[in-house]
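In the two complexes that follow, subunit A is the common piece, with subunit B as its partner first and subunit C second.
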Partner chain A sequence: MKDWRYWLAEQRGTLLAFGIFIAMFAIYSGNHPAGFTANVVQTAANKGVLLAFVAMAQTLVVITAGIDLSVGMIFTLTNCMASWLVIGTGLETAFGVLAVLGTGLICGAVNGAIVIYGRLQPIVATIATGAVFFGLALLLRPVPGGSVNEDLADFLTGRFFGVVPASLVALLVVVLVIWVPFSRSEFGRAAYAAGSSETAAYMSGVPIRRGKFFAYVLAGLLASIGGLFLTFFTYTGEAAYASGNAYTLFSIAAVVLGGVSLFGGKGSAIGAIFGALAFRTIGDLLFVFDFDPLWQPLFQGVILLIAVSLGAFALFRVRNRLEWFL
Partner chain B sequence: MSETTLGGLAGRMPKFIRRADPAVLTAFACIVILLLLGSLYSRSFLSPEYLLQQLKVASFLGVIATGMMLVVLLGQIDLSVPWAVAAGAMMACAAAAYGPVGIALAIPFGVLCGVAIGIVNGVGVAYLRIPSMIITLATNAVAQGLMVVYTGGFSPQDSATAAMRYLATGFTIPAVPNAVIIWALIGAAMVFILTRTSFGRAVYGIGNRERAAYLSGIDTRRIVMIAFAVSGGLSAFGGVLLAGYASKAAQSMGDAYLLPSIAAVVLGGTSILGGRGSYLGTVAGVILITLLQSILSVMQMPEAGRQIIYGVVIVAMLLLYGRAPASR
Partner chain C sequence: MDGTAPLFRMEGISRRYGGVRALEKAELTVTAGSIHAILGENGAGKSTLIKIMAGVVAPDEGRMTLDGSEVTFASPAAANQAGIVCIFQELSLIPELSVADNIVISNPPKRFGMIDRKAQRRIAEEALARAGASDIHPRALVKDLPLSRRQMVEIAKALARKPRILILDEATSALTAADVAKVFEVLKRLRSEGLALLYISHRMNEIAELADHCTVFRNGRNVASYPAGSKSDNEVVELMIGREYSHIFPPKPTFAPAATPVLEARNLCWADRLDNISLSVRAGEVVGLGGLDGQGQRELLLAFFGVLRGLRGDVLIDGKPVSIASPTAASHGRIGMALIPEDRKTEGLMLPMTVRENLSFAALDRLSKAGIIDRTAEQRLIDDMVGLLAIKTAGLDIPVGALSGGNQQKVVIAKWLMRQPRIILLNDPTRGIDVGTKQELYQLMRKLADAGAAILFYSTDYDELIGCCDRVLVLYDGAVKRELVGDGITEHALIASALNIHGDDVRIGQGERA
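And now, the complex of A and B:
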């Protein structure tokens, strides 16, 4: 086979997610009363980018064949934290941002340490740590409130040169600074290898523990970047249980739509980003077609159900029934 | 490990202690410690009325955790508990709006809705081979969407029927709340099913190794589907009881039961990987969680502190005895 065919096979999930997103966004902007304008794109980008960050976080953990059910709560916690700290003079704001990102790193490290070195199941462990993170968020913001450095917020949620949404640029920067180096590093390869076959990876001398730990830590960091952006969009912090849970859930949907295998070892954060943007656009389709917003939770739930059921098509390729049972 | 290193010591202990799971013993020991701590804080903590009240509150969680345990024994998990609970409660209350027939069928209808959610989960996990934690999250979202559409953002008919209130708060036998009797009956049925029927054996078998169970001639997919249906039904029944207890149904009533039900099962020594665990442990876990909640609320701990202590306690106890074996 030629090189490009290997590349195509490897990127199939990502390309599919990209295609779905383009198709959905075309329908969305085509039927939007304002049409395809910079304003519409900016609003859509700002909503989509939040989920994209959380979905990237989820991808890193899912690649290692784990799952992080606390990403939404890290997102909520860092949102509450940013509403206290990212304020004041330039220097104070900078320290605030660093503190928020540091909190995300610590949350991720706690998850990683418990799952990898404590040898607990990721599902139970991250549900429990999620409760702790939510409790901390509630401690910081018993009632919604707070504020943020509005200059920075407006800069990062506005447009560059009047057309390019700043939040998309920020997303691109994060991809280039975090995802690309990670996926090409030794740890990134270890995370993929551990997700693909932990035993084989171990036998080959791959540093699986460090790779997985690194994936959890970076997941915490990415979720906190999401929390930071949420604060920039809303100007407030709120410890909302339902919203935190929804982001966790949607991040899984985005990851699945983005072609990342839930069994680990396959997929990329780029795919998950397009999955997130596509999921958001599908959810917003209801608005441009003038449906009652009441139907939105059901609509999103059904899309999620369909997205996860698509994985079942792999069953048709199974020749030996014993392969049903992993 | 325990057979070899503790052999000499265990040999002198009574039989029932020797046979008991160390995790179950730890859980019961924690219950005693919590009771002692509570009694230091308030005199009335050890009074029979208070303990019965705790048992009554525990029975709602107990019913839900029973279904969760069945699924966890298979090595799966059911994350659709929150909206299965809410759907059961809301649908039962909704049925009551349709005259005397509706009132009579309210409870079975609520439970049936939970079973339906469970069957979707079961088909997804058993036949489509979707990881249980994903498909149950998705059905949870769909159930939530359906309930939001149904209520239209407000609650049309949300008051519980007299039968539901009687089941949750009435007394058939003096001094013993009905809810406790129901939990005892469901628990006894579960113990019987798990230990005395081929279905129960198959559940443990699948939890240990589904492939081996399949090769032994068990229709593993049917068993998994039934287990999920039972879990959904029991969650909904828990919701029906809760609606009877609060005398109305509310949208977010199930949110507070997901983490506790998983925690109760796992703290009771049931392996999250499946195939190992006893119902006695789940009972201990349920009582442990309920007492912990009760003590935190007696201490007037705010919601934030409760969540933190909750998460920390669960992680700590799992680290004590819920760890996976060191690989290699």
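And now, the complex of A and C:
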């Protein structure tokens, strides 16, 4: 086989997610009263990148065959923090941004330490830490409020050269600065290896623990970048329980749509980004068709079911039935 | 060779697993520039020995010296650092990663802190070429490769680490003849480059062709060391066995087999693991499955039990062809089959659940009326079983995980006996249990057979096959190589046919142990 065919096989999940997203977005913008304009794209991008950041965070943990049910709450907590700190002079704002991102890192490190060194199951550990993070968010913002450095906010949610949504550029930068180095680093590979087969990885002398820890820490960081952007879009902080949980669950859906295997070891954050964008577009489709918004959850659910079923066809090829349970 | 100082030496190495002694004061000396073969039966301690060398398990006592200075390995990575690289029998490749990723996994080339993919590709291609496997594409995912190719990748991966001591544990077991030839070329070249190679194999002809020196292990000790070629196959087999018979087996009945077999297979084939297997088991008969571990015995039992898809050939029950689509179908109705799985912890028991619940699982349909479990009937049957198998438990409502290994295994067997199966498949049921319980199981097996059950019994312990079975089929590479009947079931015959060497070569000396 030629090299490009291997590349294609590696990227199949990502390309499928890209395809789904393009199809959905074409239907969406084609039926949008305003059509495919810079404004429509900018609004869609701003809504999409929030979930994209959280989905990237989820991807890192899912790759290690774990799951992070606290990403939505890190997202909420850092939103509340940003509404206090990311304000004032340039220097103060910069300090605030660093503090918010640092908080995300710490949250991720706590998750990682509990799961890896405390040997708790990721699902339970992150439900618990998620509750703690939300509790902190409530203490910071018992009622919605606060503000943000609006110059910075407008710059990052606006458009470059009048056409390119700034939030998309920010997403691209984050991919280049965080995801690409991680996926090509030894730790990134250790995270994949641990997710795919932890025993084989151990036998091969792979730094499993550090790889997994790195994944959790970066997941916290990515979720906090999401929280920061939420503040830029809303200008306020709010400890919203339902929204935090929704982001957690949607991130899992986006990850699956993006071709990342929940069994670990397979998939990429790029795929998850397209999964997130596709998921958001599916949610918005009903508005352009002028259906009753009451139908949205049901419609979204059906589309999601169809999309994730695409990945299940491989089970028909299994010849030893015991492998179904592996 | 005596003039050269040993590169690596193990002295007085012992290791126990629970109460089981895997290694007892074992010694091994490895010299650079030679191929050292290690022989021994299943469970003789070879695997434990190399796991200790490779840093996977730590010894309970004993010392290891490398270049004359003492070493300890806390992890496989530490052993790799010291230049000891092992190709394990259970493959250590990561399925979702590419061949190149796997080859450089323990020490990837880096540039600016990131993995240098071009360098990685180059290293992988070189290593594959050195292993004689340039046909494998470095970008292919390991999970997409067939077993024989994966084994070549394992070898390439080991070579990429530039080892001083290379351990090959059954590394050729899945290879085709052409690959074996290539690997041998590679190994001989490595020897001439000054590496020390440890070669573990059951294939006598391979050892004869490759090894400079041989060490035989038995019951956790090294019992003999000799230059290759100085002993005949027969003498080697003698060294490998050389242990007392324990008279713990119930007497075998002299019986006239029934006319139609209860269970019969005709030309069973599955993937590349089962190759045209035909066999029959009659009521009252205990038929053994022998051979080296992993020659298709497990797959054969799974095939009967309806677990494998895409099975070709016929399965006949009472002479009538049937198609068994699932374990449920196999155990129900007129088939009445039971499989005692090899791994009781994952396939036999729900460890956190109670003894009572575990006992009832397989028979729930028989114990319930309109979907409700009849507690009195359940209790009666459970009491029968606990009595019959003498299960020692502090109560029926404690977690089954709290029982000893032997009693857990009894629960697994009892759970199936609650259905009164006519056909019983046993997959290495005595692994890791004490001798007393083993003896009870042998007696139970004979009792069940006398009561009319047809029993197919796979064991990795040759003594058991000799002591329990009326006939033994020896499998090699997924095919039945030989059928041994009655007095023809001897250790010599079992080992010789398991190694697929000609029976005639080792028949001499058989009378000694009759």
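Heads up, the rule we're going with is that the second predicted complex is superposed on the first by the 315 of 326 C-alpha atoms of A that agree within 3 Å, B and C clash if a C-alpha of one lies under 4 Å from a C-alpha of the other, contacts with A are read in each partner's own complex, and residues count from 1 in each chain.
FYI, a contact is a pair of C-beta atoms (placed from the backbone, for glycine too) under 8 Å apart; a residue touches a chain by one contact, two chains touch by 3 or more.
Keep in mind that this is a model prediction, so the values were computed, not measured.
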Of subunit B and subunit C, the chain that contacts the larger number of subunit A residues: B
First, second, both or neither for A:Y202, with subunit B first and subunit C second: both
Contacts of A:A131 with subunit B and subunit C, given as first, second, both or neither: first
Touching partner for A:P142 - first (subunit B), second (subunit C), both, neither: first
Partner chain in contact with A:A193 - subunit B first, subunit C second, else both or neither: second
Touched partner set for A:L322, first subunit B, second subunit C, both or neither: both
Touched partner set for A:F161, first subunit B, second subunit C, both or neither: neither
Footprint overlap on subunit A, comparing subunit B with subunit C: 202, 321-322
In the complex, subunit A residues that touch subunit C: 1, 3, 6-7, 9-10, 181, 184-186, 189, 192-193, 195-197, 199-206, 261, 265-266, 318-322
Complex interface listing, subunit B residues touching subunit A: 77, 124, 128-131, 133-135, 137-146, 148-149, 152-153, 210-211, 214-215, 220, 252, 255, 258-259, 262-263, 266, 272-273, 302-312, 314-315, 318-319, 322-328
In the complex with subunit B, residue positions of subunit A that touch it: 67, 114, 118-121, 123-125, 127-132, 134-139, 142, 198, 202, 241-242, 249, 252-253, 256, 262-263, 294-302, 304-305, 308-309, 311-312, 315, 321-322, 324-325
Parts of subunit C lying in touch with subunit A, wherever the complex brings them together: 56, 75-77, 80, 88, 91-98, 101-102, 105-106, 108, 110, 113-115, 117, 137, 139-141, 157, 270-271, 299, 302, 306-310, 326, 347
